[in-house]
Structure formats: C-alpha cells, structure tokens
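A, B and C are the chain letters, set down in written order, and residue numbers restart from 1 in every chain.
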Amino acid sequence: MLARVANNLFWMGRYIERSEHVARYLNVNYFSSLDAPNIKSQDRQFVLRSMLFMLGDPEEDESKFLKEQDVLYSIGLDPNNPFSIISTVKLARENANSARDLISTELYEAINKFYHFVLNYPKEVFVKNGLHDFTSNIAEMTAILRGKIRGTLLHDSVYAIIMMGVNIERATQITRMINSKYNDALLSQGSHGDKFSKSFEWTTLLKCAESYDMMRRFYKKTPTSITTLEFLILNPNCPRSVMNSLNQVNEHVRMLNPEKRYNNDSTAFLIGRVRAEYEFKYVEEIEKDIKSFIEDILDSLVQISNKVDEEFFSY
Amino acid sequence: MFIVFYHVPFTKTISMANIENQIFSSYQRNPDLYDEIYDKQGKVKEIYQKLFEIYGEHTISDYVNLNSKAKSSFFNQGITFQVYGDNDVQEKIFPFDLFPRIIDHKEWDIIERGSIQRSKALNLFLWDIYHDKKILKDKIVPLELITSSANYLDQMNGINPPGGIYNHISGIDIIKHNDGKYYVLEDNIRCPSGVSYVICNRTALKKALFGVFNHYQTHSVTNYAENLLDLLESVKPKGVDVPNVVVITPGMYNSAFYEHSYLAKTMGVELVEGRDLFVENDFVYMKTIKGPEKVDVIYRRIDDQFIDPLEFRPDSALGVPGLFAAYKKGNVTLANAPGTGVADDKAVYTYMPQIIKYYLDEEPILNNVHTYHCSRPDELKYVLEHIHELVIKPVDEAGGYGISIGNKLTKAEIEKVKVEIKENPRKYVAQPIMSLSVHPTYIDETESFEQRHVDLRTYTVMGKDKEFVLKGGLTRVALKRGNLIVNSSQGGGSKDTWVLKK
Amino acid sequence: MPNQYKITYSTENTYENWVNNAYWQFLIIPMENNTQHHIDVEFSNSLFAVNDFSINGYGFKTIRVHPKKKFKKINFEAQFSFIKDHIDPFNFPLDINDSLAYKEIKELTFKINFEAFLRSTVLTKLPNDLDSIFHFNLSNTIFENLQELNKWTFNNFQFKAGVTKVDSKLTDIISTKQGVCQDFTHLFCAIARQNGIPTRYVSGYLNQAHGLLGDSQMHAWAECYIPQIGWKGFDPTNNVLANTNHIKVCHGKDYNDCSPLRGIIYSHGKNKTTHTVKVHSQEQ
C-alpha cells in the first residue's frame, strides 16, 4: 500500500470517529441539560461552553453571552470552522476519495451518502429544531460505516490502518470528553449540594460515551467519579474505554508489523509500552490527579500517532 | 432451487401492434435526420422492436421514476465530476439516458475492425516519425504537419517503446452520417477518457431494467479492466518477470479522477500520484508503507508536458522528476507513450486514409470525413464554390476556434470567408457538413422522448502482438436540441451501448 | 598537441526558509566525442545526498540530486579531468562543390534529417523585419557565409553581462545590440537556420587563458552542418571557430535544451545562487 494512501486511510478513520463523538457530545449534553437536577447543569450558557471546550475551541471570555444558534451552527455546520462536524465529515470523505481504489464500493458509497447528508442538511432546521435528528443520524451513519469497514474490507493492512485511526481517535475523544466533563463537574459542584464525586456530570459523560447502560449493569450503582473513570479508562471490556482502544491499536499494529524482534524504535513497541502502563493501574492513582492523567494520555496518543506517521507514512 | 422474482411487465411479451405506445407517443421525427430506431417509413427497426415494446409498456412517470433512481445511484457512488462555481464546488453526475443504443454484430464487426486498423496504422505512423520518417520522405504527409505540432517530442526520436507500442489505448470517435455510414471524426490517442462510464451505464441500466436483458444477447463490457491489465503487462520492460503495473493520476481534483480510481481498482493495481513515485538509478519506485517498491508499467493519465519536470515543463508538480530518463533507458513502460499527441492532431487526421494505405496497404474500413486542402489549387476552387455546404477549419487552431459552418453563414459572411481563404489558402481545410444520427432520448424539460444527436467512442487497447476492442463503447448524446457537440463539458449525456452477439 | 584539462564547477545555494523538497539536474559533464576523451568525473554535494548519474532525453549525461531531508543551504562541486585533442578548425577538404551543397540543403530528405536544427524556437525566433540582420551572399560558399555571420554578430553586438536573461527574445537583443554568449549564439542559430543551414546551440566550457571572452560560467556557441564538411563550430562571442579551447557539454535547439542546471525547489522566500567555473589546462 502506498504510504500516502495509508496516511489518508488512517485519517479517514480518525475523522469518521471524531464526527461521531462530537455529534454525540452535542446531543447528550444538550438534551440531558434540559431536565438536569441542578441549576448549573441546566444553564444553557454552561452547556454551550462545555460543548466549545470539548471541541477544543473554548470561549475564554466568561462574561460573554453565547447565542445558542450561533454555537450550534459553528459546531455543527459551519464550513469555515475547522473543528465543526461538517468540516470533519468533508475531510473524512476527501481522505476516502484519494484511497477510493483500495476501499470497497460499499464503504465508499456509505461515506459518500454520509457526506451528502451532512452537506445538504438545512442550516435553519438544524439550529432551530434539527439537533436531535442531525446528531442521531450521524451516530447511525457512523455505525453503518464501522459495519462496512469491518464487513466489506479485507482484514489486511488497509483494514488495520483504518482501525488504528479509529481507535487512536476514540481514545483521544473519550479522553477529551472526560476532560470537559471533569471541568464541568468542578464548575457545577456545590451549586445544589452536589459533590464533585457524585456530580450529575458523570452520568452525562457516560451517556456521551454511549456507555451508561453497560456501566449500570456492571456496577449496579449510581455513577461516581471513581467508577466512571475506572469504567471509561481502565476497563478493557468497555468498548469505548481508553484501555479497549489501546488494545485494539495494539492488535492492529501487529497486523502491519508482525515482527517479534526487539525493536524499541517501532510503533508496536510504543503502543505496547503505553498499553502496559494503563493495564495495571489503580483508578485511585488517576483520580488523585485527573489533570495530569489527561495531559499524559493525550500526549501519549499524540506520540503514538506521530510514530505511526514516521514508521508507515513517511518515506 | 432458486426462486427468481420478476417485475412482471418487463417479461410479458405482448404484441405491440395495436397497443398504444405511451412513451413514444409524442416522439417527433425529422425526416432529414438519420434516426437510429425508426426507418425512413417510420417503422421501428427490427433490432429495436423488442426494446420498443418493453419500454412502451411503461408510462412516462414510471420512466421518470427509474431515471431518477438511476441518477441517485450515480450520485451516491460518487460517479461525479466537479463544477467550480464562484463560491462553491458542485458535484454533478454525467446525465445518463436509460434508453440504450443497439448495434448489431454486422455493423459492430466493421467498427471493431476499423478501430483496430486505425490504431495499428497510427502506431506504425508514430514509430516511423520517431525513427526513419519514411512517410515524410515519400511525401505522403508534409514535413510541416509534424514539425509545427506542439505535440511532437524531439526526445522521443530513436526510442523504441517496449513491445513497439505507442498508442496502447486509443479512443476513436465515430458518427453515423445521414447516408447511414460510419465516419471517424477524431482519433484520441493521448489519454482518452470515458471508459468507466461505459461500465457504469451498463450497471445502472441493469439495475433499473434488468428484464430487458432477457431479450437481447448483449456482449459484456465488464471485461475491459482485465484486458487492459493483460495488455499492459504484455508491454513490460525487458528483464521483468511479473511486472508491477500502476495507474498515475493528477489527483482527486482532476475531473476524470473517478475513472482513474475505477481502473486501478478493477485492475487491482495501485493508483499513484507523482509524489508517490521517485526515480533512483533510472528505476522507478513507489513509496509504500513497507518501503520502496519497483514499478514497471505506468498507465499514465497525465499529459506529456507534465510527466517529468526535469525534462518537460519545470513548473509541473504532477509528474516524477527523472521519469523520462528511466523510460528512455527502457526500465519502465509508459502507456500511452510520450509524444503520441502528434498523431491525433486535426491536420494528421485528414491524412488518415493515406496513412492506412501506406503502412498497411489496406483500404480504410471506417470512412474519414473527406477533407479539402485549400493549399491544393483544384481543391481550393471546389471549396470556394461550395462554401455553403462545407465546414471551414483553420488547420492550426484548437478547441473549435475559427470554424465557419457554411449553411449557417449569410451571403456577406460567405464572401468574407472566401476572402480570408484566398489570402492564406494554406491555413484552411474544409469538410462536408456531417449530420450525426439521432436517437430517442428522454428530455427532462418536456418529459418526453426527443431526437438527439449521438456519436460513439470506441476503446481499443493494443499490447505486444494482441489487441482488444471493448464491445460497447460510449454513446454520447448532445442534450441540447439541434446541438452537434456531444462533449460532456458542453452539456452532453451518454447512453448504454449494446453490441449484440451473433 | 593534446591538452590535459581540469575543470572545476561549483555552485552554492542558500535559501531564506527551509526547503522541504528539491530536485536538481546538472547538465555539466564534458561529453565524450572524437576530440574529448578519458573523461573523469568527481561530483559531490554538501548534504551527502545520492548523486544519480543518468542520461537526459537528448542523450547527454546528467547528474540528478534529491536530498531526503530539509535544508537551507546546499553546495555542489564537480571536477572533470580529461584530454582534449588539438583542433585545427580549418582542417577540412577544400575541393567542395558549392552549388551541390546549396542544392543539397534544399532537398526534402536533408530538411527531414536535420529538421530539429532548422526549426525556429521561442528563443531563436527572428523578428518580422529582417532588414537590419545579416544576409547570405549566395556567390560565396556556405562556410564563408557562416564566417561572415560570425564576424557580423561579433562586430555589431557588444558583450555585456546583466542586460539580458536566459529567456530573452531575439527582438530585444537586436534592438539593444547587447548581450552575452547565449544571446549571440541564439542570434547566430536563427540567422543560419533562416538560410537553411542546420544549426545547433552548444553549451560548454571555454578556456579563457588565451584571451577569449566569456563570463566565467558556462559558455555557448553554435555548430552548423555544412554539406560535404559536417558539423563545424562557430563562436560568435569571440569571432572564432570552435577550437581546442571549446569544451563541449551538450547541444540542442536552444538554451532550453541545454540549461546546465534545472531545479525544482519547494520553498518560499528569497534564495541566492552563485556559480563558479575554473578551467585549467596543461599542454602535454
């Protein structure tokens, strides 16, 4: 496979995954805020700021009044905002386009439909009452894409590269969500006798990661900071956890480079090393200093992505 | 046991003799035009009868429905080209007409043999003008024709392309005149495009109206890629056992990118851009995730001037620096060979009958549109007397500039053209005005079938000692009423083209 | 007496910003022919990138360089040593049938065989107004006419560096009457071709030890094909026939076929390039 095309496939995977997480974050935050148990979490300004924060485009001016429709447009459909869903989907398709000869017609067609759906979604409808429709369609279409990736591609290097992109992005987005919900939990504590560890925001976080039901089933208790973090970071059986994503990245890099030889300069080595660190970690160590954990894991993910780039995409 | 579900109306066979054929009820025939499906008496020709019946069972609204489904299938598959507007980029599909064109095996046989004959003659012509130049020395083709051509590449002199092939892929544009005979309008031997639409059109028609295929023994068109790969492999460089073939594209913003990716995918080879390749020690390599991999045959969809910035246009970022040196050394095959463009110039076209005769000692199987050279006194006299029934073309202008169509000129304009020709007779050639045949085509605006002009592009692939003509080709339709230009950039559409088995 | 030559060609290129990707192709190696032999080439670049020896589309030796990492400065240095035989430019048969020669250049086969060097190119296109340029006198031999043309170019045009560029058109040169060796050679080629004489642009080095005029970089002169004699070199910059001091690298239709250095540099901002050529000869 061409190095350039591999790079495109990797980023196609990342952008598909990214669009889904951003869409779900919008949906869950917006709708769970409507009947949230405390005033702070119900506050529309608070929710809009959280959305921008997660997107990596936080509003620094605390006194500024954010207009809902502007924020939704900016995150959802503004083609001039590089972080918006529409920009992400465009990039996903553009990357797919240049690797078109390598992916299945079925997958390409699904990406293309996805792209046209987002591109043609009426702006006025979206900002007024289309948020649910738009974001849940994105969630469904990305699920279809994942199905097509798994079900219509040969499980060889093309598949491995896409899946590495998907999983590195998933770990990144989950971490970003943890970061912004951690931030929200800090901000909202005390407003209604709410303690940080029992904040309503942890439930929202789990829903953003589509992991709430599973989590309830596993712990059979109301989510707290510690159980939520344990589930979303360390539990390898939770399909959205950082650990699970790292395991997947590890599995797929071995498809690209099955070599068993000791080579501390390889991507496989680096992934194994990061994975090992979280495999045997106590959640208490993380909870003690969530900020540092977030910085560390994001940094490790960037390093992995750079290493992939260096080993497979540059010549 | 399989249970096959049929959509009943398509398979029902009712004699249509006295049932009103809704879909064609408002079809108007202009008796001056050669209609592909009706004969002069207004009877549907035999090979179209079944198709006419089957389509006739549909209402216009059924048809509209099928048509729009076919269109959205093209759109979803991303079989589109891009139109750049002031602020945005729009994606458009090539308009596609669900009413197919049928060519029986006898007519096809002529087209196929004629296409091969032309491709072979052009190949021999290219070899000659890049080697001994006998045809010039024997005064069959004038020297100026070659040397004034911007597409003649001095660097190709003396190079022997692997397998002796220059124009591996030729696209020949053929029309049917109102005398019922086929004429060649143009030979495209640089990077002829459109073959992917032949296959897409067939796929779309099969999906929309699969029943019709039960009544016709039609040749498949899906074997193009395998034949192309086979023939490209046959012209591998010396010393290569199993050649590594790639397709090179200018990139995803090129209007034919879909075709490039389609061909790479169906041949199962890599689709590369210039930046994916590099040359070292006069060998070509591509950059893969596992390091460099040698490339032996390149099906290039980049024009000559852009293939190697160190040898041709230095401002081109599309090509591969050093590629021409690798080619010259015989370490890589380029298809089509550089410098083929000289043979598809308009002026060379006018000499095709002589070129065929000179190299093959055969009479041309497909007619050339007769060309009068105003540089020859007797022909000049004829031209001046018959301007009203001729097309006057300057020999050195491309893109349709400076063309005068005789029957559209006023008396005063004719006099003006005469003066211009007399001033510089060498500059002009003239051809009879050709009338392209027409085919019933569904027109959105009027919601009915109307006569539209069509042409046919055939695809010939030549390898070492073998050749292949795709049994189908691209029927292009001029969608504007009365328009003779069938180019896709000029609002043209296309039709599936069936070549019937014996 | 043959000459032992040593030529050093060096170039230094500096860029304001990082260059992420670059390709160079040098067309500077003295060609092997019947007066130039035992050519020894040493070539190096300061980034230790691979020096890829190859042959260009016109059959001349080139060196391609493509550094694999980014840089702001790169130097190239080449050294050529070789033997150049003594040339007596007037050593050709004198019993030439002149009318036959004039007849031959009008024949179609002749025109076809030498077509490339009879063609007018962008850089050798004469202005429409031909009054002010040199005209052949058909009662003289072709050789004499070409010698006169050589002299006419030398006398009517002044050598001045910096007034013209590599892509200057003949109209400008004819009106300013100034230029450098490339311009004089283009003019010479154009007029000779106009008169039916196949003429090629030659790029090479000049040994300036004997007072010949050049600009301490690459030199240019012309070669004409004269029936019954063959290719003959004319140096209009110096009004001499090409001799032992002219070391040929390559030939073509004009400068564009012969440019000593072609580069494709992916960078922005300013850049500076310097070239120096040193020619050293020793009679054996």
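One rule holds in what follows: a contact is a pair of C-beta atoms (placed from the backbone, for glycine too) under 8 Å apart; a residue touches a chain by one contact, two chains touch by 3 or more.
Quantities reported herein were computed from a predicted structural model and do not represent experimental measurements.
K.L.:
With chains as vertices and touches as edges, which is it: line, ring, star, complete or other?
P.N.:
Here the contact pattern is a line, an open path with two ends.
K.L.:
Tell me which chain's centre, taken as the mean of its C-alpha atoms, is farthest from chain C.
P.N.:
Max centre-to-centre separation from chain C belongs to A.
K.L.:
Centre of all protein Cα atoms: which chain's centre is nearest to it?
P.N.:
B
K.L.:
Quick one: chain B and chain C, Cα centre-to-centre, how many Å?
P.N.:
So the centroids are 44 Å from each other.
K.L.:
Per the centroid of Cα atoms for each chain, what is the distance between chain A and chain B, given in Å?
P.N.:
48
K.L.:
Using mean CA coordinates as chain centres, what's the chain A-chain C distance in Å?
P.N.:
The answer is 63 Å.
K.L.:
Show the residues in chain B shared as contacts by 2 or more other chains, in ascending order.
P.N.:
There are none in chain B.
K.L.:
Can you list the residues on chain C that touch chain B in the complex?
P.N.:
Residues 23, 25, 50, 52, 54-58, 62, 64, 66, 108-109, 111-113, 115-116, 119, 253, 257, 262, 264 of chain C touch chain B in their complex.
K.L.:
Using the touch rule from the top, collect the residues of chain B that touch chain A in their complex.
P.N.:
Chain B reaches chain A through residues 75-78, 251-252, 257-258, 261-262, 264-265, 270-273, 275-276, 286-289, 291-292.
K.L.:
Please name which positions on chain A make contact with chain B in the complex.
P.N.:
Listed in rising order, the residues of chain A that touch chain B are 1-6, 94, 97-98, 100-102, 105, 108-109, 112-113, 116, 157, 161, 256, 312-313, 315.
K.L.:
So in the complex, which bits of chain B are touching chain C?
P.N.:
Within the complex, chain B contacts chain C at residues 133, 136-137, 139, 143, 146-147, 153-155, 157, 278-282, 309-311, 314, 321-322, 324-325, 328-329.
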